[in-house]
Each structure stands twice: as structure tokens, then as C-alpha cells.
């Protein structure tokens, strides 16, 4: 499992600012690469934001996340885990979307992830806006509805926008639920907050059995207790993890399109991801990083730090 | 009370980036507007910073706050309150100051607020630097001294600056107390911190009965406990709320002229405003947002999120 | 014609940083306003960028352009013209697009401009990306193909993108020509430069009679000579003016999605617009200002300075 | 004249990023310093912007200009002149203004410059907004009206603002002319452009004999020809030079409060200053550099490059 | 001790934006100054970053820290201590490094600090990258190994980089320990976190008796408890304090080269420094502030706020 | 020559924001790649800035230049040349420097370029600071001294810095000349300007026969005339081209460490590179792009636009 080919380049050998940036300095192994079949966990970029209803930019997310990810090292400082030795990880490249055609893009993404899933590779995705999760779920939930642990300031369970538009970054899980991709009784949403249009999204979700942990409850109980419940909701069965960077307070993650103040800090942002160890994760994403609004680069660096924790949780296994 | 005229434009109908930005997408109802008399709570901009002793910029605050406020929706996520259905709210426009004449500006502002108060409208102000609170208090405290709940890193109780200059953003409440606009025994200041010239400001305030909660006490007791005391200080009688954005830590609110590190986070910033429900608020302000120092826009967005909580507290009533 | 209602607010009366920003501080006169029918030239925002193939952001253009436009005064410094006294001008507001549905947005825009044109109002548009020009042309060229004077680094005459997608900001004039909205023999494109995919766009345009002035020719001949030719191409008949801010060098206009270095400076940018006096302008636009990439605000201010010159040219008449 | 005490620190000895930054790395010689009387040309900061009618910030100018000035070396690359060997130059420090009292500040500045002039030191000032020039002229023109060569986008000859306010950065030369500090027949203004309220300022100035070279004339004739006329206007008699950084196009100098597009480039900005050699300069200023709007620092660096040319012209003599 | 010469300039007398910025507006007293021998605590800049392995910039730290330090006032708001009255403090200027020669720079710095220590002055240093601490320790630990309280996200105990390079900002304390400058049993490191190459640095340090408090332990126990242990580790004997700004979370301190998310907030950052009172501090530093990555200036302001607390702790004595 | 393997990815197929960024979207062909020997022109990054004497940052240049280069298309808009069809071009990756050891880095770079030159590949380098040119010349001028066409604001012919340090970004060509790598009679430097320490660098260079075209001469004669001379100086023999981005005015290229105002604009920046067609170019570099000072990204985009012109000139042949 500790094949040198799948090890990231060390900053002791090549300075972190040098080299063409792949995710976490892993080898670039696109589907036509000779060693594609050996990959166990694939890091994939979905540079797409056509579902964004306000401030655009996540289409630039994967590239900035790759750049920031050159600061990630081989070992988890908190747990000692060395994920790249525990599983064959690689950067599978980006899915090429069609920025001027939503339907076409949905199909392109699902098609790519079907290929990945077909090869037995578990995907760890860097978005892209949150609509990206829908075509991924279409590929991963082909056989059965999945559970989902979802970190976000918003439920993304809206019925539609702008007079009925069905595909936006505020609607992916409504569609996923309608399409039978999610088992709502195994879905938990954590961090919900901010002003709201109304309660229709929450009412709908709860009526179907979704568990919503709003931010006040999150702070009252603390990350450890909430995550214990999250693992219980996942119930030891195949689960998708979707992590919207706007879960975190905008002081820590300004580079996103729909920030909501009053969120968790960066330590809590890592804690909740680390607490996923033990969940049967079939795939995970980190979405809504928007470089044009991330002047300091803090958002991207926090994003890849979360991705590293997600990766460790995927490696730690279910 | 739920007159469609007074409802904000929904982001489901018109995208948040579209349209001429008024406060919270409310109708623009200046004093000469036909429906001015129907307004119950008026949002007003005071684009003025001539009292600033260090880094200027709050004159640009109201415009940026209006822009950021287009991200505010109709319902309080934490409480479920829908303030725009509970009271007729409108954007009354800006008071036009004279940036090169402090006395003239003080008069212009007081005059505008007398007109507002005379129409029975409670003002919610977007500053402007903190000197703005003085001419507002002159209009609102015409009949009797008011109580005040004041969130800030500084007391703003200084006697004078630069060899005796009386009107700066560090002196408004000294002047207000001298002029009998405030009842010092019903004044509480929360969040005071940072290096100090000396203790003259605090000594003066305390000698008159003002309650000062410094940041160490704030963190020790927690927002809920402190706010319970604040409501007790207000004593169920007419009270002004003044909220300086530098109450919040500069990581959350960098866009201000006199930041002090070591302050509350954004969740606490909302909590304290939410805890004002039950106070008899005759007016409120959010001051010292300085766009030239707010590259990310985080400060303005936090500012309008606080304004929304202040509005909800005003609607919740005394 | 010098009705006080249609005069902009003066910076001598209200400081430029104060007030809710409309285009050039003109009255806001949406279609349902009592005085809509009196408007002669209407300034309109099209906050839309769904046709953008690379860096998004122009959806935020109209709001930033309105903000910057508060620095525009009543008189043209170079010519002495006072356009607001010469024609009734107003801010007609924004067309509300559907950011997640291109076809729907195209219809919304055309519909709005039909209403404007139907009222006899000549539109001066602030984009939006360049695809915005297509639905406008559909409204304005209902009766006959128009001439066009087009300032841009790119021809926007591409056949399609990403495997045949027809509606992007690189294709509007290909579509317009196909739809009979433009008379190619009365179309001139000025400032074309930068690396190219190939020559198909130029070959197509030239084959239909479009005149393309590449940047080398522009600098060799100078703005005055080129603009004399442009007026000749327009031939004294109804002409649309489309001004992409990326015509200008990115040092002067960094806030745009597809910059090309080696362009005109800001003086030349104004000169060419000023030289439109005498052209029968049925409408004009200034597009592709992208605030997320305009940290200094220079692009927006140059944009509104160009819009002011376009307005003066429209007033100067044909 | 080449006293080591008055020589700037070399970047060969101490890196440019090191050391407490004085103007051009000259010794700090405040009025109470033992060698004050030996100074021939004094560089002075006037950190003051209370006359600013729109975007504030020049109060931070002197500090940023000192920082940028550490990149200035000992020799003029174009002429070979080594000014610090030709005259005893020193940083005299800042005049301390009262940011909340215009009258007080005017007096403080005039008083400081009387002391400087009384010691036979010619001042080279770093502003501050343009109102700073008025109290300086009051000190320097005590004996007779001065000529003035003035680079600017604006005449600053307005009668008043906001209903009669006399002291703003748009009025200094109106006041100076009224007070007999300037000989209008020996005043030339170069670079005037942009939209205008009206022509009252120009009409007034021209009626008194002021020569105004608008930007179109400047570009038509070229810097050399215009500057030949400027020297002729100065007529070999005592002349003040006032250089507003907004003379330069905002692409080259974005950090200023009232930019006007369509201005000279940085090479021309230096050329016109260099062409002052031969003028009898009794004092000079570089004003309106506003650090909060100068994210790149380009404006400050251009500002000190201009100051170096002004210094060379002062050394070159009359 | 309260000699007026050693008092900082008050913001009541000279606005904070005015004047040539020295550390905390103290007098500039370089080694050749007449009153050098009277200084008790010397603030020194080490503008040097040649040991930086990733993002450079701390060479610009001292200048930006001086600028930000003009916002520091005379009295500690939390404790009431007035350090400038309790000890003679001065800005000793910068050590001039050789940015292109590490060995030469190490010698220059040690030489300067030997002069400082020889004069009985305790140094409070503004870095510079963390390699700066090594040459300082060489001067201060001439007689005996020192204890050290070290705040940082990284141990800086690495053996070498890039194939054996010994002097980088990741190795200073490995060298110091090897050279006998530190007593490892009196060294405590607080805040360690982030991904790691491996555990060699921690293993080495612990094997020698260094106490490492990782971030999870820090948050579990709280600052007060951890600092009680730190004081115990220092054992009442001569101790150096080294404070890397990346100890703090990057939301509060973005301007640094090797940030690690999940760190303390700004209140905790001050708390730990304040809790040093009682330690026998022979010198202290605040390093790794990198202005090119500090767009808001928050990092520098937090840095000088920490320096002020370090100064108070030094004054409070051992 | 038009092997599909060596063709860049088209923006029509994959949006420009998608994909792992190599130079100009060419294939990544490191020396151990199977097709390395087929490469004719190799694009190489030298992420190194240890020779920088003032503001660091060029170590981050290659990565940002790769990112910006995704906006380059296949065809030269001005000449119609399609370089990627005319020569086999590839991204050879970065040379890994040792940021804390100058000598080691010099050797690593020379070694890499020897391998490149040995394979018959002509290198087009993205720096890195200007010291990078020295180790490259050591590899390329192994057989005979080269001519050089050098665009820069500075001669980089200094003898030493900081008391004799030989290797800095201000000394590479002094060293190259001393080492016999350059034939000074075939060296021309264009664009020299700014303040100077003294004339020693120019005197030395001229004494050896180097032709220096200062900026005044450049503007007087125009780019075409100067470049005709440059081609004559190169004399049809093997010539290196070194292009420091600070040749261009900082309004167009702010992201560099030692800017000098008063330089050429971006059109001229391209013109001079385009005019190299016909020169026998054995290698070329574009250096001193410093991303931390390039907030808009304009510098990097101009940099890669220049690199594209250099590439076209290399393809056009000698």
C-alpha cells in the first residue's frame, strides 16, 4: 500500500512553492493513465458554479485548492495517521463542465463519477458550487439510497428558484431526495443558520426524516456530542459526506458566495471532520470555495485542511 | 401590518445581486414620500466620519451596508420572527452631512432625526463614526434622558482630544451625559478593552453611575448573563442601543478605524443583539463600519446581520 | 427639457458618498413610474453573466457602476455639453435575469427592452457580460437590421463553445448576424487583439462584410482617423454601439473576465466614445465590468466615464 | 555641502526594507534639532485630509510616502544630478494637525511653515489633501504674491461647497487668490479634465489671468512644449509648485480620492517635474496620495519618484 | 523611571497617523545615542527572512509592526500597568542583515545583541522569520543555557531541510539545543498543530526533555492552566520567550508564511502573554509577521498587541 | 511537428479555469518522461528568489505564471503564427532550488539546464528573480560567449552588495561577463531608468562594449528603431534573451520587487518581444514576477503574454 508512486512529494525534497500543483502533491492519474485501476481514493476537481444564485466563483475552486494543498504534509498531527501510506491516493484531474449549459454539465459530471465508481475508486471532490453534489450522488447512489452527513449553513433543500428553476446550488438535496439518491432518515445536516426566506426547506426535510442541527444546538452541545449523533444517523451503512465551506464562519472562510456569520471556528471545522472516523464513507466533497472572494487564501487553505481530515476519515474506514 | 408595499424584494424573485440597493431591499421612503407617515421603523444612513481621530472611512459605511444588506432574508433563522410583517419598515435614505463642517453636520443630523421622531418613527441607523450618536440622541432624548445599552471596545467617554477639541468619535457620550441626554444610571457599556491613555474616561463614567463590563468579565460570565444584567439596567424604560462594530474582534470585523484585538466572535455579536428583545428601544445604531478597510466585505455583512437582529429586537418590543 | 425632476443630485448639495446610488444620481424611474413615458434616454442595468466562459463576475457590474457613477458631474469637461439638460435621462433599474437559466434570461431581457423601445426610450445599458447585447438587439432591431460600432478586444463572432453551445459571451454577434439583427456591412469592430483559437471568427465576419480594425492598425492610424471611418461605416443610419471594457488595456481596466494586454489607454477609451457624436445611436451598452476582479474600483469608474461619453454622444444626436 | 550627516543611507549598506523610514532615508531633523539651521531643503509631512469632500485617506499619505521613499537612490538616472550632495536635505518630520478642527489645523500648519521659512529652509511637502497648500502659502507668501505651477486634474478654484463652506480641498487656490498669496498672472494649471459641476471655477480663474492647460491641449502639444510655457509663466520670479497626484491617470496612481480617467502616464508625470529646472521654486508639494485606496503601493512610489524630481528641480535652482 | 524622554508620544497630542513611526512611539535610541546606556528594555527590529522555506516576507515585518504600533497606548487595559513609566523603554532600531548571505547575517545579529546585552538592556524583538531567534540566543545565552517558553504551531526542532541545510526557520531550536543555548528541561512549546512530515522533531525534543503542549491539550485545559505549567517549567530562572505569530489561528493572523488552521483566537493570544508575568524574562521575540500576506493589517496589529503584553510581562518582572 | 501530444488543450474543449495548469496547457514532460527527447522548446520554471535584495516573492512566480498561462490560445493574433504547430513545445516542470542555500541552488539550476541543453532543447524560462539567469547562462554558454538582448529597468551589472556579496539579483551579468559567458559587444540593454546608486554599473558595462538604451532614448526613437539596432547587436549569432518584467511600467506590471516608474506600456512590451523574430535565440527568460505584489494578476498575465511572444520569436528562428 505504500507504493512510492502514490506518495506525495515532500517539502523537504522540493520546496512547497515549486512544482506543478496537484492535490496534496499526489501523482496525476487521469482515467486513461496506466495505474488508474490501482487508485483507491481519487481526488477530483469539479470546477463548476452554474448553479450559483448570488456571487459566482467556485469554478475557480479546484485550481486554488490544489495550490493551497501543497502545504499539506504526510501525517495527521492530531492522530498520527499517514493516509497516503494507508491507501493509494491520486489526483484524478478535473471534470470538464460546460459553463453555459447546466444539463450538459450534470451529465458530464455523472458520467465521470460513474467511471470512477466503476473502477472501485472512492471520490474525494473539490467543488465547485453545491449543485455539484447532485450529479455525483447520481453516480454513487446507483444501487441504493445513501445516508449523508452534511455540514453547511444552508439546507439546500429548496424546491426551486426564480419561478421554478430546479437546478441551483440551493436545491441539490431536494432533487436527490426526489430521485431516491438519499435515504432521508439517514441524513443529518449540521450548522444551519442565518436569515431565511421561510421554513419550507426545513419543514420539507424534517417531514421526510432529515435531522437538522441548527447552529445554536451545535454550540450548546459541542462538536463531539453532535458528531456522535451523526455517526449514529449514518448507522454504519454507506454514507456520503458533503461539506460546504460556508459551514465555517466567514472570518475563517471569507471566500465563498453565500456566507452566514455566526458559524464555527476553524478548530471545530476540523474536529467535525476528524470525528467522521468510523463512518462508511463512499465519497465526500468540499464545496463552495470561491477564490475571487478569498484574497488571503485562508479559505482555500482551510478547505484543503478539511479535505485532508476527510481523507483520513475515509482511510480510517467504516 | 403586512402591507406588500413594505415587504422587501425576495431573492427568489430578483437575484440578490440585482436592483438598486436599499437597506434590506425595503422601499425607499424619504420624508417627502406619500407613505412616510405610515413607517414604524425607519432605516437611515449617516454617512459621516468627521469626528474620526485616526483612520477615516465610515462616511462610506451606509452605502456598503446597503449593498451587503441585499443578502438579508425575511425571517430570523434563530427565532422565526418575520420583522417586516410585524412592523412597517422602510429605508428613509441618508442624512446629508457637511464633511468639512462638524457643527453644521451636527445640526443637519439632529434636524433630520427630529422629523423622524416627530412622525413617530423609530430610527435604526447605519453610521458613520460614533460621533453620529450624539446628534441622534439630541433628537430622541428631547423629553427625558434615555437609558443606553452600548456595545463597544471603547467607552467614548473622553473629555476632549488634541488640546480640548470637544466633538470627536471618542467623546459623544461625555457630551450626551453633560447635555442630559442620557441617564447614566441606566447606561451599560459592554466589551471595553485594549490599551488605554489612562482611566479618566472610565473613572468619570463610573462616578456617574455608568456600568462598564470589560471584556474579561464578558468572557467570564458569558453573553447571556451579561445581557440579563443589561436588560435590568435598562429597567423597562426608554433606551437607546448603540453598537460600535469594533465591539467585535477585528478578525470578524476588520473594516473599522480603531480595532482592538481580543474581542467577541460573530456568534456572540449576534447573541447580544438578539438578547435585547424585551428592551424598550427608542432607537438603535450600528456605527464605525469603514469600507476602505473592509476588503472582504465581511465587516459590512456582519454589520447588517447585527442590524437585522437589532430590528428584530425593536419589533419584539419592550 | 431641463425639468428639475430629471437632474442629477449635485455633489455640492449632497456629498458624493451619500445617498442611494442610482446611475449618475438620476431619478429612479422604473416602467411603472408615473413619469416613465417622459424619459428620453434610459440607463438600465443587466446584472447577468451566465454566458461567461472563463472568469465570472459581470452580474455584479451594474451595482458597482451605479456606485462609481456618483462621481460623475453634470458637464462634459472636454466639450462643455450638459447632457442631463439636453435630454430627459433616468435610471430605469435592472432587468432581473435568471442566473440558472439562459433561455429564460434572454427572454426576460428582450421583453424589458421591448417595453423600453416601445415607450420611445433609447437605452444605455450597463452589463452584464457580452451575451447581454443579443437580447437587447432582438428588441431594438425588430424592424430592420442595425449598424454597429463595436469596441472590444474580441470579435465575439464565434460559432459556438464546448461542443456546440450557442449562447455564450463569445457568440452574441454570430447569433445576431444569423438572426438578421445586424447589417454586417454597417458593422465595425475596433481594438481586436490577443492570442486566438484560430481565425474562423474573423474570417466569417469579414466574409459577411464586417470591418475589423485590429489593435496594430488602431495605434498606427490613431483614434481620430479610425473613428472617422467608423462614422462612415455607420452611414448615418440607425446604429447600435457596443463597448466591451476589455477594449481598454487591463492596466486601466483590470476588472474584467477576459483581459488582453496591449490595449488602448483611458484617454483613448474616452476619445473613441466622444467621437461617436453624429452617429444615429439607437442604443448603447458598456459590458464586461467584473467587480470581483476590480479591487481598486478603477474599472468601474472608467466604465461610467465611458458611459457618460456614450450618453453625450447619444444626446449630441445623429 | 556633501556633509555625511545629510547623506541618505545607501541600500548597499542597509537593505531598503530595514530601518525606521524617513523621507528618502535622510536624517530626521525636527525644529528642535541642533542642526536644523543647516538644512537647506526640508521634507515635511502634512498628514491631514479634513478638507476632503469625497473619499478620505491622505492623512495617511506622509507615512506611506516615507516607506516608499526608501526605494529612492542618490542619483537621478536621467540627469545624473546627485541632489543630496548639492544641498543639505533633511526630513523635518510631520506637522501635527487637529483632524477634528479645520481652523486649528490651518493655524498649526502655517505656524510650522513660518518657522521653516524663517530658518531659510525651502519646504518640499508630502500631503495631505490639497487644502494643505493654503496654510503653506500663507507662510511662504508673507512678503509678496507667488507664482504657481500647478499639476492637477482639477482647478481647486471653487468658491465653496455644501452651501458655502469655504475650506475644502476644492477651494484652496480661490482662497489663496482672495488673500493675495498668488499672483494669478503667474499661475498656470496643467492637466485639468473630467466631468465638471459647471465652468464657474475656470471662468473665475481665467478672468483673473490664470492660464489653464486642459488635458487635450496637454496631449496635443506634448509635455516639453507645455512646460516651456510654464517656465515662461513663472517668469523667473518666486514660484510655488503644487502637484496633485490625481494629475496622473488613475491606472498609474489609483490611491487618491477624486481620480479622473484620461490623464498622463508616469513617464510624463516625471517629465513635467524634471522640466521645472530653472524655475525659482520657493516650495513645492505633492498632495492627495491616499493609502487606503493604494493597494499596490504604486501611487506612493510614483509620488516619491515625483518628489525626487521636484527636489532635483529645487536643487537645480532658478 | 518616568523620565519624559522615554515616554511615548500620546495620541491626544499627535494623531496616531502622524509622525515617523518608531515602536510604540518611543524615542529612537540607537547604540551610538547619548542615552543608550539608560535604556532598560530595548525594542529591536530584525528585518530578515532568509531562513524561510516557503512564503517569504517577514523581512518587511519590523517596519509594518512599527506602523501598527502607533495604535498602542500607554496603559494596559486589563491590568492597569503603565510599562513605559515602570522601565526606560526605547526603539533601538533595526539590525541590518545581509539578505543574500545567511552566515553573515547570523553574525551581524549576534553581534548587535551582544552589544545590547552588554549594556544591560533586555531585548524585545520584532522579527523576521524564526531563524532570527538563533543568533539572538547566541548572544543572550553566552553564560548559561536558558529556559524558553515558546508559542508556535511548529516545533522548529527539525534537523535540516533540502538535503541537510542546517539554517532555516524550521531548525533554530535544534541548533540552539545542540549549541547548549537552551536547557531543554526548561523548554515548553505551546500550540503545536497541523500536518507533519513525521514525528522526528517532536521525538527529538521530547527525548531531551522538552515539554510539548499540542493544540488539543491547550484547548482542553485552557490557557490559564497551561500557562501555570509554563511558569513552572521556567522555574524562576532566566528564560527566553519566543512567540511565533502562527501560534494564532490564521483568521486572526493571516499575514504569515506557514499558517496552520485550528489555532487560538486573539483573546487567548493575549492571555498567554499576559500570564508570563512572574517569569524571569531575559529577552522575548515576536516573529514571522509577513506584511505581503497581511492585506488588512490585522496581523501586524495583533503582533504589536502581543508585543505590548510581552513588554508588560518583562516589566512585571521575575 | 504538429503531433497532437504536443498541442495545448483548447479552451473550446476544456474551460480555461479547469485542469491542472501547465505552461500554456502544454503536456508536462519532465526529463524522465518517455518523450523528453522529442521536445524542441522547453518551458521551465525556476521558483527561486534568494538573490533578491528588497521585496521577495519571485519564488512563487512559476506557479502563478502557469495559472495565468491557461488564458493563452494557440495563435498569435498579430502575426497569425501557430507556434505549437511549428515546434514541439512542452512544460518541463520546475527546477527545485534550495531556498536557504544560494550556492547549492546555483548548481542545481545549472545542472538541470545542462540536461536540457544536452537534449537539444531550447529553454524558455519563467523566473525566479534575475539571479536565475546566471546559472542558466552557465549551462548555455558552455561552448562560447553568447550575445544578449536584455529588457530591464536595471543593468544588473553591479559588482556586489552589502559589503561584497557577489550573488544577488543585481549582479548576474557582472558575474556572467567575468566568467566569459557573455560577449559584451553583443549585449544590449533596453529600458534602463530610475534613480541610481551611482554610475559604476553603467560605466563598467559600457567600458566593456555593452550597449545601453536608456528609457529616454527608447521613447525618443520608438520600439521599432531600437529593436532594429538590437537585432544588429545580436549579429545573427547565438543570443540569449533576458526579459525582466520591471522593464514595463508598474501600472502594467505591479507585481515585481524593484519597480521603476516611467516605463513602457504593455503594447510596447509585446512589440519589443515580437521584434526578436530573426534573432538566433538559444534561450530566453521572463523573470521577477512576484505574485505577493500582484493582487490583480495583471503582471502574471502580461508575463505569459510576453512569454508567448518570446516563444513565437524562438520558433520564427534566426
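As written, the chains take the letters A, B, C, D, E and F, and residue 1 is the first residue of each chain.
Note that a contact is a pair of C-beta atoms (placed from the backbone, for glycine too) under 8 Å apart; a residue touches a chain by one contact, two chains touch by 3 or more.
Since this is a predicted model, take the numbers as computed values, not measurements.
Quickly list, by label, the chains bordering both chain B and chain C.
A, D
Hey, how far is the Cα centre of chain A from the one of chain C, in Å?
Those two chain centres are 40 Å apart.
Give me the residue numbers in chain B that touch at least two other chains, ranges are fine.
Residues 13, 15, 17, 53, 55, 59-60, 98-99, 161-163, 249, 251, 265, 293, 295 of chain B each touch two or more of the other chains.
Output every touching chain pair, sorted by label.
Those chain pairs which touch are A-B, A-C, A-E, A-F, B-C, B-D, B-E, C-D, C-F, D-E, D-F, E-F.
For chain F, which residues are in contact with chain E within the complex?
Contact set of chain F toward chain E: 49-53, 55-57, 59-60, 98-102, 104, 161-163, 165, 167-168, 292-293.
Name, in rising order, each residue of chain E that touches chain A in their complex.
Those in contact with chain A are residues 53-55, 161-163, 192-199, 214-216, 219, 249-251, 254, 258-259, 261-263, 265, 293, 295.
Mind listing the chain A positions that touch chain F in their complex?
Against chain F, the touching part of chain A is residues 13-15, 17-22, 28, 45, 47, 59-60, 62-63, 66-67, 91, 93-99, 295.
Taking the touch rule as given, give the residues of chain B at its contact with chain A in the complex, in rising order.
The touching residues are 10-13, 15-17, 71-78, 80, 249, 251-252, 265-267, 269-270, 295-298, 301-302, 305, 308.
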